[in-house]
Amino acid sequence: MVTRSDLPLRVINSTPEAILKAKKRARRSFRQIRTENVFKRTLSIMGLVIIILVLGILLTLVVQSLPSIKALGLKYLWSKVWDPVQDIYGAWPFLLGTLLSSFLALIISIPFSIAVAIFLGEYHPKGWLPNFLKNTVELIAAVPSVIYGFWGLAVLVPIVRSFESSIGVEPVGVGIFSSSLILAVMIIPYAASLGRSMIHLVPSHLKEAAYGLGATRWEVIRSVVLPYTKSGLFAGILLSLGRALGETMAVTMVIGNTSLIPKSIFAPGNTMASVIANEFTEADKPVYLSALIELGLVLFLVTVVINLIGKKIIDRFTNE
Amino acid sequence: MQPSHVKYRLGKSYGFQILTYILAFACVVPLIAILFFIIKAGVTKINWHFLVNIPKPVGETGGGIANALVGSILIILVASVIAIPIGIMAGVYLSENRKSRLAYWCRLSTDILQGVPSIVIGIVAYFWLVKPFGKFSALSGSAALAIMMLPIVIRSTEETLKLLPDSLKEAALALGMPFHRVIFKVIIPVGVSGILSGVMLSIARITGETAPLLFTAFGNPYLSTKLTQPMQSLPLLIFNYATSPYNEWHDLAWGASLILLVWVLFLNIFTKIVTRKWKVQL
Amino acid sequence: MESTVIKSRNFNASFGSNHVVKNVNIDIPRNHVIAVMGPSGCGKTTYLRCINRMHELIPGASSSGEMKLNDEDVYQMHPIFVRLKIGMVFQRPNPFPNLSIYDNVIAGYKLNGIKLPKAERDRIVEHSLTRVALWNEVKDSLNKKGSFLSGGQQQRLCIARAVAMEPEVLLFDEPTSALDPISTSTVEELFHELKVNYTLIIVTHNMQQAARVSDKTAFFFMGELVEYDDTKIMFTNPKDNRTQNYITGRFS
Amino acid sequence: MESTVIKSRNFNASFGSNHVVKNVNIDIPRNHVIAVMGPSGCGKTTYLRCINRMHELIPGASSSGEMKLNDEDVYQMHPIFVRLKIGMVFQRPNPFPNLSIYDNVIAGYKLNGIKLPKAERDRIVEHSLTRVALWNEVKDSLNKKGSFLSGGQQQRLCIARAVAMEPEVLLFDEPTSALDPISTSTVEELFHELKVNYTLIIVTHNMQQAARVSDKTAFFFMGELVEYDDTKIMFTNPKDNRTQNYITGRFS
Amino acid sequence: MAQIETELQLLKSEAINMWTLVNSQLNKAREAFLTFDKDLAREVVLKEKRVNGSELKIDRDCENIFALFCPVAIDLRFLLAILKINSNLERIGDIAEGIAKYVIDAEAPFSKELLEVSRVLPMYEEAVAMLEDTQAAFEKEDTVLARGVFKRDDLLDAVNKSSNKVLEAHLKAHPEDTSQALWLISIIRRLERVGDQTKNVAEEIIFYLEAKVLKHSKKFA
Amino acid sequence: MAQIETELQLLKSEAINMWTLVNSQLNKAREAFLTFDKDLAREVVLKEKRVNGSELKIDRDCENIFALFCPVAIDLRFLLAILKINSNLERIGDIAEGIAKYVIDAEAPFSKELLEVSRVLPMYEEAVAMLEDTQAAFEKEDTVLARGVFKRDDLLDAVNKSSNKVLEAHLKAHPEDTSQALWLISIIRRLERVGDQTKNVAEEIIFYLEAKVLKHSKKFA
């Protein structure tokens, strides 16, 4: 109920209309207070929904891969043969294919992404040319992976094939090397834009301090900018890796899709994601399906760990 | 210290600068190449007929991608309707409760969700919405895409609101405003451009997603608008037709790729322009 | 009318286990300008924010003791009412960036969802802006965004926004520390006019400012209220040694 | 030894077409503390940064006229040499966060790729830290990161870093405006000791600070050097009306 | 208007009030001395308390302004000048009271002849006029007027210098006037002091307006 | 140590120097007066310039400290006290010079009897002692000592009060001493002023140390 004390002091001694108006206002305020509580609760529920969603994903994956875990045990991960027809399931070829293609892609992309980061962050933060570069790099990330796959298949694979024949490798074209190239392009923007924003965060007064001591531009980059941002750059690379590991469509389209252990980086192969994409709808036996889901579970866990580590590093960096 | 020493240091500095320039601009090449090829291969395929017809069976030339266009739009719409309100509210929750335990787990969950490979989301959606009902459906595809949208919307909302100075909220609270009004009348309007950019980016992202749809919306050679039925979508169509051995289908895939690419790039660029125009000064 | 507006007795405030305001007793007379000064981290801001219950918005923050507004315990009222009666102005000018100058002034009504007839709104806007000596400067650009104004003008706009709610007390937390000297002086000049209608409590680091603008000064040290007296006396003949050392610049 | 260290004649500086320093003539005597004051945006910082050619780091910035260091034109030397001879200390303390206190002090040598024997390095570090009255406070934690220090200590560390290069002139851009009063006074006390060996030019917003620490004061107004005289005279009997209005707080 | 301006304005009007008061004290003491009006003399003695109160008030105000507003440049010089002017005025007030007290204590009016030869009356008039001139100079911030005061002091000095000889000669002829002469010499000395004080005040006015220190400069020149 | 402390310390020692100088002037003038030593008197007159210079220097230093350091609280009171003490000391210096000038102008030493009856010598001694006491009080920041000065002034007042009567009586008997008596009355008045000035100084010391304004308080009480 509205009491006199809820009214502004100067109203208490004024006209009845003013008091009435003030009381009305006070009653409004009480209604507001109730709405406020409801609103706060709704927000918390939304927070809870997200948590439940993630737990649900984890639980689903675990439950669905239980048959395979029970049937195949841990050695599933390093068994080398995958032959659903014979009911033999070994994940090693896919793990190896995933690791090879992702790390190769990472190694190819790092110089480019760091160069972009330094160019945009340090040399030319403003102007139309850097703006163009920045937007282009960001658009690289926007292109759907299926288009990369298609383009890779139609354009890149023939090129790789002729490259392979020129160095005397079996000219397959499709394979781990092609998928690494595609992946490398796809992940440049992640490390680059993160690196750029990290370099932007380097306080200009630190750089000025170094210039003030007579340093050259490169010395400022080497001694101030890079040390300051190294953890951020590392996080960017980790996040790129996470992307590369989980990337499905582009890889599926150019990796060749064989379940054999890749003999070299030019050989065809399969990654965990691509094998799921290829075989999930064909998996007719429970263990087969479950083995695929177990691959999904491994992929899930690996990418989650890598992403969380990357995020932690970024958080610590930006909060400093 | 001799001048020659300085000259050497300056030379090193310039050398490094030039190397950086070269490497940085090398990154432009792939995108140009992709754009060039897709446009070259796709632009001749696109005409009115292409947009309003459904694909012809193998062997027949002509045909279009109307089913994929309609399907993509429907699936994305439904996904947005699910994800945007939840995402924004969760984002607001996170930005308002930086320290609470629930917020910690929620934030962690969002981070996890953001890193989950899309194929895994597809698997999960399959078990949640396809297997229990015994059939592939557009709705399950929407749900999978909605899950993919959520972390982007949540994060961009939270980050935008976190960027708003505390003083803004305090100014409103000090005027005796109740919490929900502070959020709706001050915080969200000021942060609208950031939130909006997150929403648009998330839409751009799911437009090109294929993997989660493989086992959910599945694809459909015919035009369907029933959410409970399998439905075609652009990326699915490109994947299926691109990996097929038929040249006519390849042509369809090129055309579809161009449309998808233009749409996605348009969304990205539009977002950038719009958010720049609406950029509020803080 | 020399009545007491704000009165605290044995008031304490903490952040978790960090006890930052200790046993503060103070009587603040109506229509005076009170300056609160003291070294960094001595609890000035915290105490100020306890007065209109903004302190409790910080997670883990707590307070105890008596804090009265016109003999009524602030901590018995709902914070929304407290904040309507005790306005606050912050360190950096913070006009709502999405609102025009006009809307900023009546933001307290508009955003609270209180509908007023247009004439009434106009009156409030003109009256509040006049009070803060800003009317003449902005009357032709009321529909522009507040962010076009200079720092000092923005800060005066924020004061107008608080004044529009007709509070009894106005709290200022280092209101000019983000402003240059010229803007600072425009804001300082205002205080004298505002105290005719309101009671002003101003936290400041700047001793000269405290000296220039206030009638009474409170000196905080390590969370305690060490001395509270007429400003003239504080600056000519402080009773406590810590006060004297602080104001004469002899930091131990 | 009353020789002139810095001498500028008809010195001008611009940002693009924005002419912000106009025709400045000044003679700065060796081993003095010079304060530069004036309203916001009058070109103080710009002029200061022209002295050691930091100004030209900003894209679009340009300057003209004579700026001499010991009768040698600064703009004929390579900026790296200029900056070695004219050290600079900034508004916010900016020790390199990834370096230890020790490494921060000799950062100038490290950055410039100069290799020194350990004993020499130790000597420089101790000597520089002693000069800034920080040696006793940090000598047991030389290997800790500088960011653990208080604001005032950090700023003194930055001064030590500049001092380690044995410059002739030290430039300070509002060196205490990010510090609380106590840290401010520790830094201010230093200036008197530093002028025995260096010439100090200090930009400050704080008139009281200019009054306290400087021997001579330059007053800038709208890019012009309006008055330049002994600090005592500036504060008791300024010749120019703009100076008088500014220091007495009568902003038109 | 900055607050310090208001405060300085107030201070100035206070100083002017005090000045007017001291001037009237000096004039009344003269009146009392001339007409041997003991009542008027008593009034002067009573009002001296007002002068003292005024001095204390101005001193305190100055202290407060120093403490609160940190004056510099012309404001600082004004305050310092006011401080000095204040104590000089108070001394002039004291002198007026001293003369009034003599009138109260005296048994009979001064002999006409003694007054005539000692030239104390023109001296008194000149002193009062000087004080009025400096007040005008202060009010109008007119340094030309203030400088004019210095020359006027010559008459006072001359009277003072000659007074011993003149009175000695007079006493030779009229030994019965001894007591009066002893008093008169005190009064003359006092009026000479009024001249000096007034000159000091004029110097302070010039100091505050032009930042030139004239004090003692003649002695050095 | 904050720079203002150094400056105030310097100022204090300057004030003490001036004090010592004034004290020595007063003593030398007394010596000259007693022994009729014209050379010593001339020295006093010459040194008066030093006193004046000292006054100007202290005034200027105070002005600078006000302008540069914005003193408050005890620092402010100290400076205001120094300003007043300074002008009082200068006045005492003037008085010493005045006495010395008399010695220079005088044709013969004062008659012993006149000195005896007028009690001018004990008065002089007391004035000098008072000045020394206040100086000690200032140096030691000792308000008890400073308060002690007030009582000592009583002797000076008594001598001053009685002087007219006493000299009148003396002149009745020795009309030939008229000229000397006229001079002596001036000197006595001056010494009384020294007492007053010294009391003022003591009041200022108490004001700065205890922030109590004693000036005029007796008159109000």
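By letter and in written order, the chains are A, B, C, D, E and F; residue numbering begins at 1 in each of them.
One rule holds for everything that comes next: contacts are C-beta pairs under 8 Å (C-beta built on N, C-alpha and C of every residue); 3 or more make two chains touch, one makes a residue touch a chain.
Keep in mind the model is a prediction, meaning the values are calculated, not measured.
Peer 1: Which chains contact both subunit A and subunit C?
Peer 2: Chains touching both subunit A and subunit C: B, D.
Peer 1: Where subunit C and subunit D touch, do the two copies share over half of their residue numbers, giving same, or under half, giving different?
Peer 2: Counting which numbers both chains contribute, over half are shared, so the two copies meet through the same residues.
Peer 1: When contacts are scored as defined above, which chain pair ends up with more C-beta pairs, B-C or C-E?
Peer 2: B-C
Peer 1: Round to the nearest whole Å and give the separation of the Cα centres of subunit D and subunit E.
Peer 2: Between these chains, centre-to-centre, one finds 52 Å.
Peer 1: What whole-Å value do you get for the distance between subunit C and subunit D if each is reduced to the mean of its CA atoms?
Peer 2: A distance of 36 Å separates the two centres.
Peer 1: Could you put a whole-Å number on the gap between the CA centroids of subunit A and subunit E?
Peer 2: 90
Peer 1: Touching at least two other chains at once: which residues of subunit D meet that condition?
Peer 2: Expected reply: 80-81, 84, 112-113, 185, 207-208, 211, 235-236, 249.
Peer 1: Where in subunit A do residues touch two or more of the other chains?
Peer 2: 29, 32-33, 216, 219
Peer 1: Of all the residues in subunit F, which ones touch at least 2 other chains?
Peer 2: 2, 4, 63, 67, 70-73, 76-77
Peer 1: Dump the list of chain pairs that touch, please.
Peer 2: Pairs of chains that touch one another: A-B, A-C, A-D, B-C, B-D, C-D, C-E, C-F, D-E, D-F, E-F.
Peer 1: Using the touch definition from the top, list the residues of subunit F that touch subunit D in their complex.
Peer 2: 2-4, 63-64, 67-70
Peer 1: Give every residue of subunit A touching subunit D within the complex, in rising order.
Peer 2: 126, 203, 205-206, 208-216, 219-220, 223-224, 227-228, 320
Peer 1: Residues of subunit D touching subunit A in their complex?
Peer 2: 52, 54, 57, 59, 80-81, 83-84, 87-88, 90-92, 94, 96-98, 107-108, 110-113, 158, 161-162, 165
Peer 1: Using the touch definition from the top, list the residues of subunit F that touch subunit E in their complex.
Peer 2: Checking each residue of subunit F against subunit E gives 49, 52-53, 55-56, 59-60, 62-63, 66-67, 70-73, 76-77, 80, 83-84, 87, 164, 167-168, 171-172, 175, 178-179, 181-183, 185-186, 189, 213, 215-216, 219-220.
Peer 1: Mind pulling up the subunit E residues that touch subunit D in the complex?
Peer 2: The touching residues are 2, 4-5, 70-77, 211.
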